[in-house]
Amino acid sequence: MTVLSRRTVTRTVERSARLWEASPLTYITLIFAIVLSAFPLYWMLVIASRTNQDVGSIPPPLVLGQHLFENIGRVFGNQNAHFAKALVNSAIASSVVAISVVFFSSLAGFAFAKLRFRGRNALLLIIVATMMVPVQMGIIPLYMLMVKIHWTGQLQAVIVPFLVTGFGVFMMRQYAEQAIPDELIEAARVDGASTFRIFWSVVFPALRPAAAVLALFQFMQTWNEFMWNFAVLTPDNPTVQYALAQLNGTYYADYSMVFSGTAIATVPLLVVFIVFGRQIIGGIMEGAIKA
Amino acid sequence: MTLDLQTAARPKPAPARPPRGAWRNRLDAKASPYLYISPFYLLFLAFGLFPLGYTFWVSLHHWDILGNNHYTGLRNYQLLLTDPDFWNAVTNTVAMFVIATVPQLLGAMFLANALNRKLRAQTLFRMGVLAPMVTSVAAVGIVFSQLFGRDYGLINWLLHFAGVHNIDWQAHQWSQWTAISTMVDWRWTGYNTLIFLAGMQAIPRDLYEAAAIDGASRRVQFWRITVPSLRPTIIFTSIVSTIGGLQLFTEPLMFNQNLMQGGSLRQGQTVAMYMYESAFQRFQYGYGSAVAWMLFLLIIIIALINYLITRRLAGGRI
Amino acid sequence: MRDPLRRATTIAVAASLVGVLALAGACASDSKKTSTAASTITLSVDDFGSFGYDALYKQYEAAHPNIKIVERNIATLSTYTPQLQQHIAAGAGAGDIVAIEEGIAVKFMAQPDKFVDLNQYGGAALQNNFLPWKWTQGHSADGSKLIGLGTDVGGLAMCYRKDLFAKAGLPTDRAAVGALWPTWDAYLKIGQQFKSKVPGNGFVDGATNLYNTILMQTAGQGQNYTYFDKSNNLVVDTNPAIKTAFDETVKMSQAGLSSKLQSFTDAWATGFKKGQFATIACPAWMLGLIQTDAGDAAAGKWDVASLPGGGGSWGGSFLAVPTQSQHPKEAAALAEFLSNPQGQIAAFKAKNNLPSSPEALSDPAVTGFQNTYFSNAPVGQIYASGATSLKPVYLGSLNQEVRTVVENDLLAIDTGQLTPAAGWTKAIADAKRAAATG
């Protein structure tokens, strides 16, 4: 009896271990997926490193060429493209928005998760509801507003409207809820700390993992913003996506230069991604479970 | 989304009790919460709610670029309902949404299932599938337009081995749908894969073990256990894809060389592009605003349909 | 786990601090710009296509050390126009100088309060710099304000690839080539002959260049208007010039002569590089584009012959100064410099934009100019000879809008998406809608 049942148990354990093993087919599938993911990025570099004469050849070029830096130089050297300015503008807009979103979202998330006040649930519901509203809906009056206050063509027009988002508040609330024990806040209060002091020295440090992920997300999102920027900015003071569109529309005859532009616009994001990839993945997956 | 509201309504343990003492402390405890949440509401009021409401107000007017306007009631909406270009944009948007979303979510689920194994170099694989998401959106449009080139594109070159010759991807509606959906899928499948992966990891493993003992194959396990357990995740991803997918703008614009019409017969024009064209190229602010509201409506309707379908497919209540 | 996160936060905080500081810096420098305007003035010039001003900018900046010139170029008119319109209406965002193409001139000249009256800056004295009709077109509707200074006019010719002609057994000498096609029907026949010998290449680049060329030529020889008559009534379905141009273009396309490329796209540019097509109707301003798009590898392969069916003009522009400019005086001076006879000659040398100045048109630097890229074609003589006798074609205020929709339907016919009959019906319907809602 005992012998038999022990054997069954061993078999079950073996089988369950095997259950989660990756077969060679799994690896092949995943490697194929990664190749598909990476190929357009690689090919972007191929064209960016070639001459224009290579761009239209058959079979299409598949190997890196030697003109990458020369082409990049032409992108930055092109007075009409304003590419350097676009990079600086995007870096400013993306960092300011990221920091501001993190700060205000943490503050509001903390209030929603840990402070008690009248109308809290209703107010939180409103925030969740705003997440459903597409931004594009409002760009016509928003543009009219910008004209009124003379912000068209100015960088702040693509920063100020996005300084805090419903998504950010909601995310920070979810995190604060489970990451900060109430006793911690209570203890600080007994010590006589003001609410802001509690936030700044107790809550915010504890929120840091979520804050970092939110900051990175927001940075990428602002970096990729296009439609509103296209409507409100001007060609001589663009952000990166705008400058790319401009490059694509104007230098259609010079695709090795246009592709160098796409590479320059993508590399900062890729660097952020490679450095913080683990955190970004963690953030997406954690967020997925909570939502 | 429903889940969120439930957590929100859950009664809080241990309320932060205001310490006794000076009026300052009491004020701090009473006012601080409102002060902390106010930035969001103020900004949303100014740059979210006001534009939203004002969009509706403008949509009830004939409103031109110089601000001249007069009230026309629902006339813009009437015109819109009989405007073939609007319906063309709706068809394109919905078609691209469906063509993009269905394979994207299926592919993501499939990949997530593969990633949900014991793997070497796990992080590398995860980052690999996610990498397209961090590409600049305009760059995606530009790179894929070249890949889909008629005479010298890589994809047509590959297809010619299969005996298919020089498809003019910009010329036809179906080909624009395919090309643009490909871009969207390339960019977002990895993201959804990770979301599904997270959902899969939350499924108790003994469910699979029990099924394995009963002799269920991996495929049966996938359809009988994984998919039903992912129901909330599926609903979440399809709603997120709906909101994003129906606002498609940059990719089709880049694919059509910055032409807001999205092709000679508007083969690739989305509703968002039509709104932009109406408002910022033909300067009919009233009409453009009506398009914006119809887009909003469309998003709500599709999200609802989506919700109903996924609920039915996943076989049960949520 | 903790460490990289902390690093992430620190980096993010640092980055945003830098960002905020830079933003503050940018704002500060902005205010500085206006307060110390006297030291350096940046003038921005909005234009499209290729105006050929690079050398002139350098020359002007050298002569005026306090002026810096930034050109903001957009390739296609159909993208350029709405942006300009938006910026003009918004009262912000437009350049200090904006280029206004003839097809959109009526629209903008009808908004005289949005532009500086150049008479305030001595514009009246410039009359002799321009062909009389060009001078008139640069004024507001009532003729009281001088809004735009003419840059170029669009003399017409036919560019062709000598190597492809040789391959097809056709003559390559420009006089002989011109003699091949006295009419558009003759041109079609040559095309068919070409196609039978060189089936792999197109004879024409695509539908729209050909169409616009024939339209402007036919209109110029007839009633002198296109989609709108001179009272601004839409006449798309009754003006024979439109039907003629449309049908001729469709005939070329149906005969399989078109490479089905859309103008001003990367595929079109690649078509030039690869020599995909043998001819292209080329207004003077297009020579510069061909050279840029086809690149050095095609130098000496192109040549210029006369246009089937006689001469004509398509295109040509004006320079105007919007009232929103912070530096109207300096901008007016620059516009004057760019559009004076010497400026026009320089632009002609750079990009072959045909001068609208009688003095420049008869200048030996123009008449004697040979373009090495185009096999030393005497382009000065080819284009300038008929220019003084050109008659202006009236283009209504919604010309650009109507033109775009008609072009789109032609493109759809060219790529086989519409039958010619359906395309014509649709073009008229679309034109009516564009004219009603534009």
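For clarity, chains are labelled A, B and C in written order, and residue numbers in each chain start from 1.
To be clear about the criterion, a residue touches a chain if its C-beta (ideal position, glycine included) is under 8 Å from a C-beta of that chain, and two chains touch if they have at least 3 such contacts.
All of these numbers come straight from a predicted model, not from anything done at the bench.
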item	value
Interface with more contacting C-beta pairs, comparing A-B to A-C	A-B
Farthest chain (mean CA position) relative to subunit A	C
Approximate Å spacing (C-alpha centroids) for the pair subunit A, subunit C	40
Centroid spacing, where centroids are CA-atom means, of subunit A and subunit B in whole angstrom	15
Shared interface positions of subunit B, touching two or more other chains	146, 151-152, 257-258, 280
Multi-chain contact sites of subunit C, meaning residues that touch two or more partners	76, 79, 264-266, 270, 274
Where subunit A touches two or more other chains at once, by residue number	55-56, 249, 252, 255, 258, 278
For the subunit C and subunit B complex, residues of the former touching the latter	76, 78-79, 82, 85-86, 89, 260, 262, 264-267, 270-271, 274, 276, 401, 404, 407-409, 411-412, 415-418, 437-438
Sites on subunit C touched by subunit A in the complex	4-6, 8-9, 12-13, 15-16, 18-20, 22-23, 26, 44, 46, 70-76, 79, 83, 87, 90-93, 264-266, 268-270, 272-274, 292-293, 295, 297
Touching residues (chain side subunit B, partner subunit A) in the complex	1, 3-5, 7-9, 12-17, 19, 25, 28-30, 32-34, 36-37, 39-41, 43-44, 46-48, 50-52, 54-55, 58, 67, 110-111, 114-115, 117-119, 123, 125-132, 134-144, 146-147, 151-154, 157, 186, 190-191, 194-195, 197-199, 201-202, 205, 208-209, 212-213, 233, 236, 243, 246-247, 249-250, 253-254, 257-258, 272, 275-276, 279-280, 285, 288-289, 292-293, 295-296, 299, 303
Residue numbers on subunit A that touch subunit B, as the complex places them	12, 15-16, 19-22, 26-27, 29-30, 33-34, 36-38, 40-41, 43-44, 47, 55-60, 104-105, 107-108, 110-112, 114-117, 120-121, 123-128, 130, 132-145, 160-166, 169-170, 174, 177, 182-183, 185-186, 189-190, 192, 194-196, 199, 220, 223-224, 226-227, 231, 240-241, 244-245, 248-249, 252, 255, 258-259, 262-263, 265-266, 269-270, 272-274, 277-278, 280-281, 284-286, 288-289, 291
Sites on subunit A touched by subunit C in the complex	52-53, 55-56, 79-80, 88, 91-96, 98-100, 102, 147, 150, 152-153, 155-156, 159, 208-209, 211-212, 215-216, 219, 234-236, 246, 249-253, 255, 258, 275-276, 278-279
